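Structures follow.
Shared between the two complexes below is chain A, which pairs with chain B and chain C, respectively.
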Partner chain A sequence: MTSREQVSRTLQQHGALMVLALLVLVGSLAFDSFSRFDNAASVVVSSSFLAIIAIGMTFVIISGGIDLSVGSLFVLGGVLAAYGSQYGLLVALVLPLAACGLVGLLQGVIIARTGMAPFIVTLAGLLGVRGLMLALSDEGATTYLVKDPAFAALGQGQILGLTYPVYITIGLALAAMVLLQRTGFGQNVYAIGGNQQAAALMGVPVASTKIRVYVMSALLAGLAGALNAARLSSGVTILGIGLELDVIAAVVIGGTLLTGGAGGITGTVAGVLLLGVIQSLINQVGNLTSAFQQVVSGLFLALVVVAQRLLSKAQRLS
Partner chain B sequence: MKPPIRTATLALAVLLTAAGCAKAEAPQSAPAATSTAGQQVVQTPTGSAGANCTLQQFGGEKFDLKTATVGFSQSEKEANPFRIAETQSIKDEAAKLGIADLKVTNAQSQFSKQITDVQQLIAQGVKLLVIAPLNSDGWEPVLQQAAAKKIPIITVDRKINAKPCSDYLTFIGSDFYEQGKRAADQMIEALSSKGKVAILLGAPGNNVTTERTNGFKDRVKEAAPEIEISFEQTGEFAREKGQQVTEQLIQSNPDINGIYAENDEMALGAVTALKGAGKEAGDIKIVSVDGTRSAVQAIADGWLHAVIESNPRFGPLAFSTAQKFLDGEAIPEKVIISDRDYDTSNAKTSLGEAY
Partner chain C sequence: MEPVLEAKGISKRFPGVLALDGVSLALHPGEVHALVGENGAGKSTLIKVFTGVYHPDGGELLHQGRPAVFGTPMDAQHAGISTIYQEVNLVPMMSVARNLLLGREPRGRFGVIDAGAMYEEAGRVLAGYGVETDVRRPLRDLGIGAQQMVALARAVSVDARVVIMDEPTSSLEPREVGTLFGVIRRLRDSGIAVMYVSHRLDELYQVCDRVTVLRDGRLAHTGQLAELERLQLISLMLGRDLGEVRGSGMTKFSRDRHLAAGTSVDQQAEPVVEARGLTRRHVLDGVDVSVRPGEVVGLGGLLGAGRTETAKAIVGAMPIDGGQVIVGGLPLRGGSTKAAIRAGVSLLPEDRKAEGIIPTLSVRENIALAALPSLGTAGVVSDTKIDRVVEIFMRRLRIKAASPNQLVSELSGGNQQKVLLARWLAVRPKVLLLDEPTRGIDVGAKAEVQALIDELAAEGLGVLLISSDLEELVEGADRILVLREGAVVGELSGDDVTEERIMATIAEQADG
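Moving on, here comes the complex of A and B:
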């Protein structure tokens, strides 16, 4: 391996991380308040919920699938957690996880056993789960408030100025890295995404691996929803619309291939933070109209993806 | 064409289309933003409702508005006349008062983003926050941070479910329940107290939708029990959604006599749907709330029966309230503005005051 090849490979794998570092540097130089602790904390805290969902999505995408239901599961998890919090901390956590896990299991079984396209199955999930949430909340008009102080503390308690969900996210990310890189399950996920038929011939349990991946994604989306409800002290019903696209964007920016078979957790976390930093920079400017905000964030994303594409080409040529 | 050139051409085409779309609403709002006609008026004498709050009670410190950083958090894209006029009014008034450092954020209808937006405004050191909340609940993290720094929050157009004078300073907006009641009065008159009515509800989870619905229903129940509300569905305050729901409505309830749309955008969507179904202007009586220029024009054209105004020009009132508060005057817990009616008698002449 030449040194040039090595450089371009690292660049592609950690492209998001580098763009992130660059943006943070530029932001700190351009705006006084950008690198202030409060601002950095707001980026990290708000990114943590997206990151939890994106960890699950990374497994799904590496396995060659897609999960469009996560935005709806996120809002359902939040509503159920807020509703359940009147019966205490345990119910507030178990109720959303059980419901979301069940949806994930259902989706996983359908995808793995019938061979239907994950896009369609989880699109049905997206619609159905949001409908379920609206049914539970009186068409979204009823907002359940979090009654249990212990549950609220889970989302609002702080260590060193950062709320608990940040540390939960770090823990989950580390666990996911180990799961993906150091276990047979992780290797199976890569193998299925790389070439499903070859994997099946080699004796990889394709169906059960797929089911587990979708259950995991749904559980993480539900957990993120529950933690977010604890943070907001209420089961807000208008959350999560279009969230699946942000999550998928973060994962892909992070270097995971949409076609499956390659990717990792570090890149995903960098991708999530990158989205948060772009938003923060737009807020620092503070006078862009909503239309231009979208143009700017679209351009940034396009830049990252184009850069990655060029780098991977250079890698193949050398 | 080689692929890169084709891609570039396509990208250019997309950009041009986007620019075209972005411009579409601009000419409408331009005259309204600069003229002083149609400014908000505080309702008297009930305008100063509720307990009074002074700077001392709130626990803040006096500062000079002109040199302070002021934050405005908008909830939805400036893609409909109400939001365009609202943001413009805040910006114009800030410029007029010489407030040099106004930071504006836009949550693009994503509530999580609005929370982060406001937190980042606080991190930028704002001394005053003007918030147009997307949702009434879920403000806990923001309220905690603002309270720790004693930053007064003025919410405009929608409420936050929290304590005035401690969690936030005050709310400036319309009496939405009253708007619903007045819309009902217009509908009752249009239908001569008899018939079937459909409601296009606003977005769920905020007080505007709830109060506009309750006001309408309560009034219909008490004044015209022979009017039956046979259909209710949310159009989420959006034109396309209003059109879509109305298309379903005329399929499932062909005998409908009136439509109450909880904002003008949905009403205009309904008009498109009715035109598509071959209806004539006036066949189905439409009453809505907001007072946008297109809606007032639609009254003049005969498609809408009446529009109850909901004035979005919050700039002058928001900053004068803040100034009064800083000068030590007592601020009521809600500042209710008085809204007017548009109907066939005044639509043509009042077109200039609509936004």
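Moving on, here comes the complex of A and C:
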């Protein structure tokens, strides 16, 4: 492998991580408060929910698909968890997972069996689930409060100054890495995204793999919503609008190709943290409103996509 | 010995075409069986029946003596039938090892894939196929030949009893071809049946034991390859009986052009188009072609000899590695069909549906399309000018349509072809390249198109005619260049323009 190839490949896979390290370094030097533990902890904690959803999205995008319903499912999961918490911890977890899993199954079956475009199917899911959530909460007028202390502790309890969701995210990310890199299922996801027709000819169960990917994405979105409800002690209905786009942005910034077939969990986690750090840095600057965070994230995303295009061209030439 | 796979009287019908008509073929363990035939002979259809992609409308498929129905390609694979397609069907972005072993990766503890063992096994397997590479790299880093070997290794390692290879050598280097033949012989010796589809006769004679020739969906011949002379094989493929070739012409060319005295060709005239040394790796190997005003030059050769590619290279529709095209004394900018059209060189492509007509547009729009730049002022197109041009050509070419506004997709194949001819004539070309202009159109329309080619040449248009119909070629062309494996291997003119001479030229040994 030539050194040029090596460089372009490393950039593709670990570019987000490298930029993240650079930004953290710059931030630490520029702002005293940036590197303080409570600031770092708040970035990590608030990123963890996005990260959980992004793990599922990584599988979806590598398989060549897209899942627009995760923002709505995140909210639905939160509302159902808060509602279910009056019946105890178990219901507070099972209810959102069951509901979201079902939506994911439905979307997955439609996409895999009819060959309809994932964009359209999950857009329908986004709208449908949002409507369902509004109906459950009387158009947002009713906010369910988390009644069960054990469930609330799941979102608020701390070890070493970091809340439980951070550890849950780390655990899920590690499991997802093994699943993606070291199991037949993971290989099938790459193969389908890389060349679906070839995958089918190589004996990959295309339909069932796709269904599993969408179920997983929906389950993780629901879980993130439930954990968020536990953290906030209520099922807030106004969050989560447009969240799917942040998730997709994080995954793509992390080096996963939107066209499918390549990518990974490490990059996604780096991408999520990168978005969090950009937000935090803009808060430090002070006189910039947080709206600028989106401008910067958008610019960064554009940069990454252009860079990916150039890198893959460079790889093909060499 | 009992055949491992046998087709008995297989028929397959597509709308308007009987692609296979009662074809029988038996594949025995330990034989390499060549399947040959020209375009539309039914080879691909038969392969797809064997591999479960198509389901036959009639006849029976026997697998190890028992009737078998392959519902999907997976069913066929489970029955031990592996196929290596012309285009490599693997996942380019995944590593070589993962491509090779997908679905059969060595497992370590907890059923998790053992990456180390996987890379080791992949390296060992591929070494047996002459592929020495870092198996961790993405597949797309390998050359096409090595990718093909990976596909082959994968197909064979899935416990194959039958391996079907569709043009496996079309993008291989000679050294890789040697390796491939070694692998094929090894497979044969271990009792696997190999079906080998290729147009390269030299290769067939090197590696195949038996041969089946298909023509127009029917079985033309099956038997030992060694007992069949090259010339016989070619005449079987092209459907021209050596003895009866001389007969009254069936085509509608006004006369055998090459025999007629006083055709409009001025042998001293400067060529309207001259291609020199057209070269593209694996495809063209230094092809020289020139066409004079009023001359019809035929390109002969078997499928895959580089006829279509020559035409595409001339108009810049296919990138070339070397050579140039000269029109009116000036070299043409390569890779630009726009430049070619502007210089007066137009191509009527072979695949009318995919590369020619735009089915959602009307007859009028289809005709005017290429000529639009010349039909207006300052980029604004004049409707009156279009109407005039469309009317002239619809009348001149006798295009049968309800009105110029009828959708072109509603016309018959012959009329669609005339619409395309009109499109290119409307830009007033100096030379027209016609790739299989009469394929798939009915007899009447065929005669009209042939007569038209004659007329156009008489008016001074240069024509490059590609046709698999030998009769059409012989009667339509003044001069014929015979191509084989991307190179011109013979030029026939005058009395030499006969079907026998063409076939004999194709049959000559590459080294002879």
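Quick note on the criterion: the second predicted complex is superposed on the first by the 292 of 318 C-alpha atoms of A that agree within 3 Å, B and C clash if a C-alpha of one lies under 4 Å from a C-alpha of the other, contacts with A are read in each partner's own complex, and residues count from 1 in each chain.
Throughout what follows, a residue touches a chain if its C-beta (ideal position, glycine included) is under 8 Å from a C-beta of that chain, and two chains touch if they have at least 3 such contacts.
Note that this is a predicted model, so its numbers are computed, not measured.
Overlay on chain A: chain B and chain C fit together in the combined arrangement. Of the two partners, chain B and chain C, it is B that touches more residues of chain A.
Applying the stated contact rule after C-alpha superposition, one finds that A:Val178 touches chain C and leaves chain B untouched.
By the touch criterion defined above, A:Thr289 reaches chain B but does not reach chain C. Looking at the shared chain after the overlay, A:Ile238 reaches chain B, while chain C stays out of its contact range.
Applying the stated contact rule after C-alpha superposition, one finds that A:Gln197 touches chain C and leaves chain B untouched. By the document's definition of touching, neither partner reaches A:Ser28: not chain B, not chain C. Superposing the two structures on chain A brings chain B to within 17 Å of chain C, judged by their nearest Cα atoms.
Once the two complexes are overlaid on chain A, none of the chain A residues touched by chain B in the first is touched by chain C in the second.
Residues 33, 36, 38-39, 41-43, 45-46, 49, 134, 137, 139-141, 143, 145, 152, 156, 228, 231-234, 236-239, 241-242, 276, 279-280, 283-284, 286-291, 293-295 of chain A touch chain B in their complex.
Within the complex formed with chain C, the residues of chain A that make contact are 1, 178, 181-184, 187-188, 190-191, 194-195, 197-204, 261-262, 316. Across the complex, chain C meets chain A through its residues 73-74, 77, 89-94, 98, 102-103, 105, 111-113, 115, 134, 137, 140, 154, 158. Listed in rising order, the residues of chain B touching chain A in the complex are 18, 22, 74, 76-79, 87, 102-106, 108-113, 115-117, 119-125, 134-141, 144, 201, 203-205, 209-210, 234.
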